[in-house]
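Listed below are the structures to be examined.
The two complexes that follow have chain A in common; it is paired with chain B in the first and with chain C in the second.
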Partner chain A sequence: MKTVVKSKISALLDEIAKEFNLLVPTAGDGASKFAPYTSGGQVSLDGRTLLPPKDVFFPQTEKMYKFSTDGMAGSLETLLEAPKHQMLFGVRPCDVKSIHELDHVFLTKGFVDEFYQSKRDRTFLVSIGCNGPAEPTCFCQSMGVNPQESDAVDVHLFDLGSEYGAVAKSENGEAFLQKYASFFNEAEVQLPAISEFALKPDVEGITEKLQQMFDHPLWEEVSRKCLGCGACTYLCPTCHCFDISGRVAGNQGFKFRCWDSCMFSEYTRMAGGHNPRPSKKERVRNRFLHKLQYFPERYGDLLCTGCGRCLSKCPVNMDITNIIKQIREVELA
Partner chain B sequence: MITEKIRAAAKELLEKGEVETVIGWERGTFWYNSTPVFISKPEQADRLVFDDFCANNLAKYLLDYRNADGKIAVFVKGCDARAITRLIQDNQVKREKVYLIGIPCTGMKEAPKTVSSQDVAGLPLLAKCQSCATPNPVIYDILLGDPVPQKEVGNRFAGVEALEAKGADEKYEHWGKLFSECIRCYACRNVCPACNCRECAFDANGLNWLGKQNNLQENQMFNMTRAMHVAGRCIECGECERVCPMGLPLMDINRKIIKDLNELFGSYDAGLNLEDRPPLGQYKLDDPEKFM
Partner chain C sequence: MTQVLRAENPVSPLVPVVGKIIKIVAEKIDVKTFHVSTPEGEKPFTPAPGQLGMLSILNVGEGMFSITTQGPNHLEFSIKKTGVLTDALHEAEVGQTVAVRGPYGNGFPLDFCKGKDILFIGGGIGLAPVRSLINYAVENRGAFGNLQVIYGSRSPADLVFKEDILENWPKVPGMKVDLTVDRGDDEWKGNVGFVPAFIEQLAPSPDGDKVCVLCGPPIMIKFCLQSLAKLGFKDENIITTLEMRMKCGVGKCGRCNIGSCFVCLDGPVFTLAQLQKMPPEY
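Showing the complex of A and B:
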């Protein structure tokens, strides 16, 4: 396997930054997130970022169209950014999985979201594996993610302690490793054992079970402590709800989309005021059914990667692993 | 042990049918996560705990029980009790519909870095508890445990004074940088026991008081409005700042407003008793009119 010592990574990143618009995990002042690389700046390649990389493809606010009128004439323009060659470096396997799930939503079933696609297509992915839980709240392994290795990327880096082991996972990845070959050595490597995860929810059969639990009293019970904020969904790498609004001034205006959250009370409020999800019971139920039932039914994949962000930042510690446990414990008549 | 006492108290209230629900805390994901729990059967009372991690202010949940038939019992620390006083003053909660079980509080702790370290004594107090001026509940029906001594908290406006000393551009830059980080999750608003409007201005989409875009302009509008809307009613429980996933120093804004109110209308601490009305919730002939 090709290996690169960790002390050479900043020199490598300096080189990459000449070719790509490079985004790396940073932990400067404020929350850790993926941000543009600056030479000598804060790069934090240990652990996962608080903010997931989803905004790289699906920004929290994104202008989509602008329009104007002139008498009876009108014009409409789609605001697609010119593609830039960008690299997302240091994505953890859970977040790689989340990108795969966003791909389902924005690129499949006969509908392609051009705004998402334009950013997704031009992004070169480099993942870094975890040899155990990066945070106590991690539970990716139980959600079908191999924490040590990602395949749906261009290059994957194994964490070998003082060095990274690099494997190309696409043709672009091969070319990349060849181009930067001077940074790498060839070595026999032994992958470290994966250390034990504290959280191990069992999701076997959960979708089928939930199909029979829409009216179960569990939802009333578990939703009571929820505050109806957006912390869980906005930090979740897979949550992807958005709302389209517009602004008009004079004879011109624009349409934009921005993240929305099924946990907000007005999310399902309709014109006229009716709200089909009137209380937190329906909202909390929706969040978990979307992740564990509706999404798997539609795409064959759970809409949760086990990154643990929601339970670590929820103001009231709403814990999806505990909800999964409670669902399992329910005895259906 | 206080946990035994709270379990016994909850069990007794439920067995006698004096209350229909008890709101307290239970053990969450790890040993350092204690999380709100709602107990309605005596045999569930053993889920209750009281430890160094019961930071959640439970008062807000009383808004969910505005129309409950029976009484609701709720455990209150010092800060929680002030929140309840405020909710009663705002006619959100009826005093006779709640049963308050007071717990003197020595302060809640930060979560440790790892699950395995069990060194509770070595963990720092939460920021909100370091500056707490009311560790003993100011209102209760029964008090479990003995009142704890009030610690010396120093000048709680020191941070605000340091910010006031900055120039206008410097202030703008300071807050601009912070507010750009806000993800508009509204956790700060939703946890706040002073935020009790039936419909929040930020949710009134049709009226567009606040644009949905996440940008500095709208984020500033949100953060300043949130703080102004609790002016005079903020009980300094620090919950907003504690729950902000982005770690924004929201207490600096809240305390700036409290300091301004104190200077304009005389010293006032919200929620200390039921009698003193908040400065913006009453009218006096000699109120200053500096803004006119």
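Showing the complex of A and C:
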């Protein structure tokens, strides 16, 4: 396997940054996230970022078109920029999985979302494996993710302690490793053992069980403490719901889309006042059923990667692993 | 059916085309029908009966509406005044620039309906989405059996599409229109009573695999379904169209789901048999 010593990574990143718009995990101001690489700047390649990388493809707000009006007249113009080739470096396997799920949403079922696709197509992915839980709230292994290795990327890096072992996962990845061959050595490597995860929710058969639990009193119970703040949905790497809104100044304006949250009552409230999910019981139920039943029914995968962000930051300790446990404990009549 | 939509494509999933209101019909005090063309006088797109369109006034907002019917060069939206956008639409005049995108959703199952007798049931503005299929059946008269429309509103003044229900449709061969109002007035000579009771009084037969297409306020639908069951209509032959808050129209923004279905993409048309398998969350 090709290996690169960790002390050479910043020199490698300097080289990469000459070719790509390079995005790396950074400590940020209290919220670690993927941000443009600056030479000599801070890169935190240990652990996962607090903010997921979804905004690289699906920005928190994104202008779609601009318009101008003049009395009863008006015109509009699409704002779809082709971004430069970019590299997302240091994505953890849980977040690689989330990108796969976002691809399902934005690129399949009859319509391709160009705003997403234009960024996705131009992004080179480099993942870094974990040899165990990066955070105490991690449970990716239980959600079917191999914490040590991702395949749906261009290059994967195994964490071998003082060095990374690099494997190309695509043709572009092969070319990349050749181009930067001077940074790498060829070595026999032994992958470290994966250390034990504290959280191990069992999701075997959960979709089928939930199909019989829509009216179960569990939802009343688990939703009671939810504040409806939506933090879980903003931190979730797979939550993709969006709103479309606009700004107008004088006779000019633009329409944008922005992240929305199923935890908010306005999300489903119609103009006439009717709301099919009027209270937090329905909203919390919909969120968990979407992750564990509806998405698997529609796309074949759970919409949770076990990254643990929602449970680490929920102000009232809502814990999806605990809810999975409660679902398992329900005895159906 | 993967529709790859490019930025230069005039109708992309999220970006509308510019349109113009070419005619406005006041249906009743709070409902107007807007005829929309492109600025060049063409139809913005050709929807199937029952499909939806996202209509906007650029500097106000956009909303999803059923396309109540279409002509060779225009789409029609019948819209109740009920919020910021619809208030602005009701204040608009002919010539107003709008934007429109679509069509969205599955539409009515035409192949399933063809060759069969159809009973259409509408309550209030609920006739708007049903009208797209009624007019399709009228235009393709030979492809359908007998047609019957049962339509009710609160009062004679609340009846919409008066030209269709009073003049055009009753003249169509093999087509019958039965009207009812909750409360009559001095001039009203027709039936007075709620739609479900009127259905039982008229007692349309479900024989010959007749299809029933209904839309109206939820309370009316609930009692109509009981009446239809009494008359022997099969759940597979009862078709309705739902409304939910929508933003994208292509099953991605999330909010219009009922279980794992998205109303904007998999609906808005569902059979009663399909709805019975879905969570009652609409």
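By definition in this document, the second predicted complex is superposed on the first by the 325 of 333 C-alpha atoms of A that agree within 3 Å, B and C clash if a C-alpha of one lies under 4 Å from a C-alpha of the other, contacts with A are read in each partner's own complex, and residues count from 1 in each chain.
By definition in this document, a contact is a pair of C-beta atoms (placed from the backbone, for glycine too) under 8 Å apart; a residue touches a chain by one contact, two chains touch by 3 or more.
As the structure is a computational prediction, the values presented were derived from the model and not from experiment.
K.L.:
Based on the superposed arrangement around chain A, label chain B with chain C as either clash or fit.
P.N.:
With chain A aligned, chain B clears chain C, so fit.
K.L.:
For A:R277, decide between first (touching chain B), second (touching chain C), both and neither.
P.N.:
Second partner only.
K.L.:
Could you say whether A:C258 touches chain B, chain C, both of them, or neither, answering first, second, both or neither?
P.N.:
Only chain B is touched by A:C258; chain C is not.
K.L.:
Taking CA centres after the superposition, what's the angle at chain A between the directions to chain B and chain C, given in steps of 10 degrees?
P.N.:
Result: 90 degrees at the vertex chain A.
K.L.:
Touching A:T137 in the superposition: chain B (first), chain C (second), both, neither?
P.N.:
A:T137 sits against chain B, while chain C stays out of touch.
K.L.:
Check whether A:D243 is in contact with chain B, with chain C, with both or with neither, and answer first, second, both or neither.
P.N.:
both
K.L.:
Check the residue A:Y294 against both partner chains and state whether it touches chain B (first), chain C (second), both, or neither.
P.N.:
A:Y294 contacts chain C only, not chain B.
K.L.:
By the touch definition at the top of the document, which applies to A:E149: first (chain B), second (chain C), both, or neither?
P.N.:
Touch status of A:E149: no partner.
K.L.:
With both complexes superposed on chain A, which partner does A:L227 reach: first (chain B), second (chain C), both or neither?
P.N.:
first
K.L.:
If you stack the two complexes on chain A, which partner ends up touching A:E101: first (chain B), second (chain C), both, or neither?
P.N.:
neither
K.L.:
Applying the document's definition of touching, compare chain B and chain C: which contacts more of chain A?
P.N.:
On the superposition, C touches more of the residues of chain A.
K.L.:
In Å, how small is the closest CA gap from chain B to chain C once the two complexes are overlaid?
P.N.:
7
K.L.:
List the residues of chain A that touch chain B in one complex and chain C in the other.
P.N.:
Correct list for chain A: 243, 245.
K.L.:
Where on chain C is chain A touching in the complex?
P.N.:
1-7, 12-16, 18, 58-59, 61-63, 80, 82-83, 85-86, 92-93, 95-97, 99, 243-245, 247-248, 250-260, 265, 279, 281-282
K.L.:
Which residues of chain A touch chain B in their complex?
P.N.:
Contact set of chain A toward chain B: 30-31, 50-51, 60-61, 136-137, 198-199, 224-225, 227-231, 234-235, 243, 245, 247, 256, 258-259, 261, 264-266, 311, 313, 315-319, 321-322.
K.L.:
Using the touch definition from the top, list the residues of chain B that touch chain A in their complex.
P.N.:
28-30, 33, 35-38, 56, 60-61, 64, 114-115, 181, 183-187, 189-191, 203, 205, 211-215, 239, 242-243, 245-247
K.L.:
Name, in rising order, each residue of chain A that touches chain C in their complex.
P.N.:
It is residues 64-65, 67, 69, 72-76, 78, 80, 105-106, 108-115, 214, 240-246, 248, 251, 253, 257, 260, 262, 267-272, 276-277, 282, 286, 289-290, 293-295, 297-298 of chain A that touch chain C.
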